[in-house]
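Paired with subunit B in one complex and with subunit C in the other, subunit A is shared by the two complexes that follow.
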Partner chain A sequence: MAVNTILRTVKQAIWLGWKIDTNWANPLVFAIYYLVRPLASLLIVGFIFLIGSLASPSGVFDPQYFAYMFVGNCFFVYVTHVMMSMSILIHEDRVHYEVLKHIYLSPASLKWYILGRALNGVLNASTSLILTLGFGLLIFQGLLGVQIPINWLGIDFPLLALSLIIGMFCFLALGFMLCGINIMTSRVQFMLTEYVSGTLYLFGGVVFLPEILPSWGQTISNALPITYFLKSIRFAILHQTSFDAQTNIAYLVLTTVGAIILGIGVFKIAEYKARRDGLIDRKEEY
Partner chain B sequence: MLTLSAYVYLYKMLNAPAEFASFVIIGGTMVAFWSNVLWNMSAQFYWEKETGSLEVYLVAPISRMAILLGMALGGIVNTTLRAAVILIAGTLIFQVPFMLQEPFTALLMFFLTIIALYALGMLFASLFMLYGREAWHTANLLQEPVYLLSGLYFPVNYLPFIIQILASLIPLTFGLDGIRRVIILGESITDTWLNVAVLVVFILVLLPFAKFALNYMENLGKKEGRLTLRWQ
Partner chain C sequence: MSQSIETRDLTRIFKGKSETVKALNKVSLSIGEKEVFGLLGPNGAGKTTFIKILTTLLLPTSGEAHVDGFNVVKEADKVRKIISLVSGGETPGYGILSVRENLWFFSQLYGLSSAVAKEKIKGLMADLDFEEYANTRMAKLSTGYRQRLNLARGLLSDPKILFLDEPTLGLDVLTAKKLRSYIVDWAKKEAKGTVLLTTHYMAEADEMCDRVAIIDQGRILACGSPNTLKENLKENQIMKVETASIQADFGFIDKMVGVIGYSQTRNIQTGTTTLKIMVSDDEIFSKIMSELEKAKLKILAVNKTEPTLEDVYISLVGRGFEEGEAGTHA
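On to the complex of A and B.
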């Protein structure tokens, strides 16, 4: 496939995804919708943290650990957005809008089209992240007086950017795996996303240190790229863990390569079987 | 169950008292019902419209409330099974403490909460009937914020006063508070009568209001020709 065709497919898919996500409302309403859910999720964990600390026998509030939770929860938005946008895409295009078969009739390739739609999910997640970080700081630090020890000038931006890029490859790969499963199945798109993102949330060290998990849970945590992704992000922003950043990046790359092999492999097999078994234009809604 | 477990571990990490884990388990159990109210009851007419079958419902000589009531009963059965699994698994895995003294009060509180929630769902259904893609976003919008406001994972009395005022507009807040007080803190009907009274008021207000709203929105939809619009 010519590079030009690939680029055009990706660009048009990003644009289409953006239109589907945004053109039902004016930009302000859209921004509110994209802020409220992740912000509420952050506030839930923040209040659990504050109330739990207050009710503990020592009654001590640990700002370093609060910052750990704050950053982890904010950046987890990439997982939820990318997974959700890629998981519901097949259902939306095949059943709801009935256009999946038309993609095969066009010069575009399905995988590049999916990549474009997923990149739109990354853009949306970035919008959510910026809004959530800003409003989260405003509420916790500004209104509730909680000190969050983040030195914005001391952020290691190259490490942050590198972690984000590798992390995106990983989440896109996992998203392709979900697309593959959704092509082969029907009506599991929401459940599937919930289970996968729930597993990553529990075992990925998003809001608590994975060391508190039972040993089998720690083993799962060590095998997940999200664990290393969040460690790197936290190291870049908070500098609070005394670990070897290079080794962590190496683990992140290693687990991401594993995720890419798994994700693309599952997608290719599923797509082949779906075309063979006539599932590309299957109807589910009746 | 997975997210709920993460919150239990967070409380454990903070050395919070054991009943906070019980709060999370009970809250997580009620999440199943709220999700069902939101995605099945409230959004039901939207899904039907998108699949082209809403007009079939409207042609039939039956009450819209009856359709929704049937859907609610079906949804409650399925959701109760899911909620029971969350409750039993959460209790066994995390060994959370309960001090249930009056099981009938707990059941009364539970059923009143469910009726009030599904009445709210019927009210939302009237809105969702006319919605296009915003139905999906609205349902999303009403998920985590309601988890936050109704104190699904922590007691609401710790929240700032202004948030408590907002929370009191949601029947789930009172229901969940009552259920927790009876099951976790071992309180009786005499301690929780206010919760029962508020839930009854919610039911008495929401059910007729839902009926009115359904009729109004259906007529509006007919006037504007929006009941059969798909892919908006």
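On to the complex of A and C.
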């Protein structure tokens, strides 16, 4: 297939994703929405932590742990934005807009279109991340005087960039898996996304250390790429814990490769089943 | 003439929880280059299943299908590069995008360069008379203009083979006529423009198609040019009878010896039923008329008609197209 066609498809899918995301509001309202949603989540967790610390018998506030929670919560936005946008687009295009079959039949193929829509999710998530980090620090550090040990000059940018790149491959792969499941099923797109992101939030070490989970929970956590993704991100930004960056990156690569195999496998099976059972233009009456 | 579409014993079975449906039953067809070919049949006859298999949306259960020489199962990617599908009664794009944006989006998916895409979009909007709606959101278009947009999308990539699945479904007479004539012109103009059209509108198939195949319950019953198929009925007599009743039971007609088949069309607004009866001999009509009189039915009009494609269908199946209006073979 012509590289030009692929690039045009990816570009148009990013643009379309942006139009779909923003068509309901003017730019200012949209920007506020993109800030408020993750910021609200961060504030809820942050205030629970603050109040919990102060109300505990020791009354000791641990800034290191607050920073752990703060960074984890901010970067979890990639899971919600990228995977969610990929998960629901099949339902949107098949049932709501009824154009999935025309995209499927186009020479560029469905997978490049999905990739473009997912990249729109990456751009949105990145914008949302920057806004949430900025406003989160402003509120907690600036207004409430909570010390968050982030040394902007000490950030390990190569490690941060490498972790983000590998992490994106992982989230895109899991997104393709969700797309595949949604092609084969109906009515589960929102539930499925909630279950998957909920599982990753619980076991991926987003707001608490995986070490406090029961042994079976730790086993699940060790199999999830997001665990290693967040560890790398935290080390790059906070330099927390005794940490072997190379080993962690190796685990991140390994689990990401597993996620890619899973994502491609499920998507291929879904494409075959879609043709076998006529699912690409299936109508849903509900 | 080389073949654009070729199927051999194409079969598709849908297995449900409670029933198994044979949507296509050993369909073998050859459609040549530059041919406008019609697949004519009632709802549920297997027309859409046939098109879905040829456009690579659906796998056949058995049999083979080739589009421009490419196997639709094994070479789906190659098939998709040379075809386009336009279905009637569907949403032609994203409601949140304007007409121009929708066409631009699909032009890029079809791999058109920016300059070519702009030119094509402009030309198609002008040809199909909806330039004035270029900046209107698709969601705000009427059914007729949505279908113009849909056809324009289908023609953007200059397909070698255009699949049209009930393209004028739900359209007003004028829009349907415009789209029909545009499609026929396009097929003539294009170097290799083959059209496979499915429809249950007899007049549409008659007007547009070089050849038609009549399909019912997944089987091809007849195939040929509209004139040839109608010529085959010349030996039969066809009479149109209008009665002032919409509730009468006309089941006795198909039990009469010499009746090949009949159809009935009820018009609730006028309170009339129009019967189209095909017989092998003129004398049968007088018997039918006396039976109608015996049943105390008021006859409003009786006309002898020339055979149409609907009559071809009646002669093959023994009933008309519309559901609930069936007579059976005599």
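Keep in mind that, in the parts below, the second predicted complex is superposed on the first by the 284 of 286 C-alpha atoms of A that agree within 3 Å, B and C clash if a C-alpha of one lies under 4 Å from a C-alpha of the other, contacts with A are read in each partner's own complex, and residues count from 1 in each chain.
In this section, a contact is a pair of C-beta atoms (placed from the backbone, for glycine too) under 8 Å apart; a residue touches a chain by one contact, two chains touch by 3 or more.
Not measured: the values here are computed from a predicted model.
Engineer: Return first, second, both or neither, reflecting whether A:G278 touches subunit B, subunit C, both chains, or no partner chain.
Structural biologist: After superposition on chain A, A:G278 lies in contact with subunit C alone.
Engineer: Please indicate which partner A:R8 is in contact with in the superposed arrangement: first for subunit B, second for subunit C, both, or neither.
Structural biologist: It touches subunit C, and subunit B stays clear.
Engineer: So, does A:T199 touch the first partner subunit B, the second partner subunit C, both, or neither?
Structural biologist: So A:T199 only meets subunit B here.
Engineer: Name the contact category of A:A25: first (subunit B only), second (subunit C only), both, or neither.
Structural biologist: After superposition on chain A, A:A25 lies in contact with subunit B alone.
Engineer: After superposition on the shared chain, which partner residues are touched by A:Q218: those of subunit B (first), subunit C (second), both, or neither?
Structural biologist: In the superposition, A:Q218 touches no partner, neither subunit B nor subunit C.
Engineer: Touch check for A:R37: first (subunit B), second (subunit C), both, or neither?
Structural biologist: first
Engineer: With both structures placed on chain A, which of the two partners, subunit B or subunit C, ends up touching more residues of subunit A?
Structural biologist: Counted on subunit A, the partner with more touching residues turns out to be B.
Engineer: Does the superposition put A:Y97 against subunit B (first), subunit C (second), both, or neither?
Structural biologist: So A:Y97 meets both subunit B and subunit C here.
Engineer: Quick check on the superposed pair: does A:I48 touch subunit B, subunit C, both, or neither? Answer first, second, both or neither.
Structural biologist: first
Engineer: State which residues of subunit A lie in both footprints, the one left by subunit B and the one left by subunit C.
Structural biologist: Common to the two interfaces on subunit A: residues 20, 97.
Engineer: Help me check something: in the complex, which residues belonging to subunit A touch subunit B?
Structural biologist: It is residues 20, 24-25, 33, 36-38, 40-41, 43-45, 47-58, 69, 96-97, 144, 190, 195, 198-199, 201-202, 206-209, 212-213, 285-286 of subunit A that touch subunit B.
Engineer: Enumerate the contact residues on subunit C facing subunit A in the complex.
Structural biologist: Residue positions touching the partner: 52, 55-59, 76-77, 80-81, 83-85, 90-97, 101, 104-106, 108-111, 113, 153, 157.
Engineer: Quick one: in the complex, what on subunit A touches subunit C?
Structural biologist: Counting only subunit A, the residues touching subunit C are 1-2, 4-5, 8-9, 11-12, 15-16, 19-20, 23, 97-99, 101-109, 113, 275-276, 278, 280-281.
Engineer: If we count contacts the way the header does, which residues on subunit B are in touch with subunit A in the complex?
Structural biologist: Those in contact with subunit A are residues 1-3, 5-7, 9-17, 20, 39, 50-51, 132-134, 137, 140-141, 143-145, 147-148, 152-155, 158-160, 231-232.
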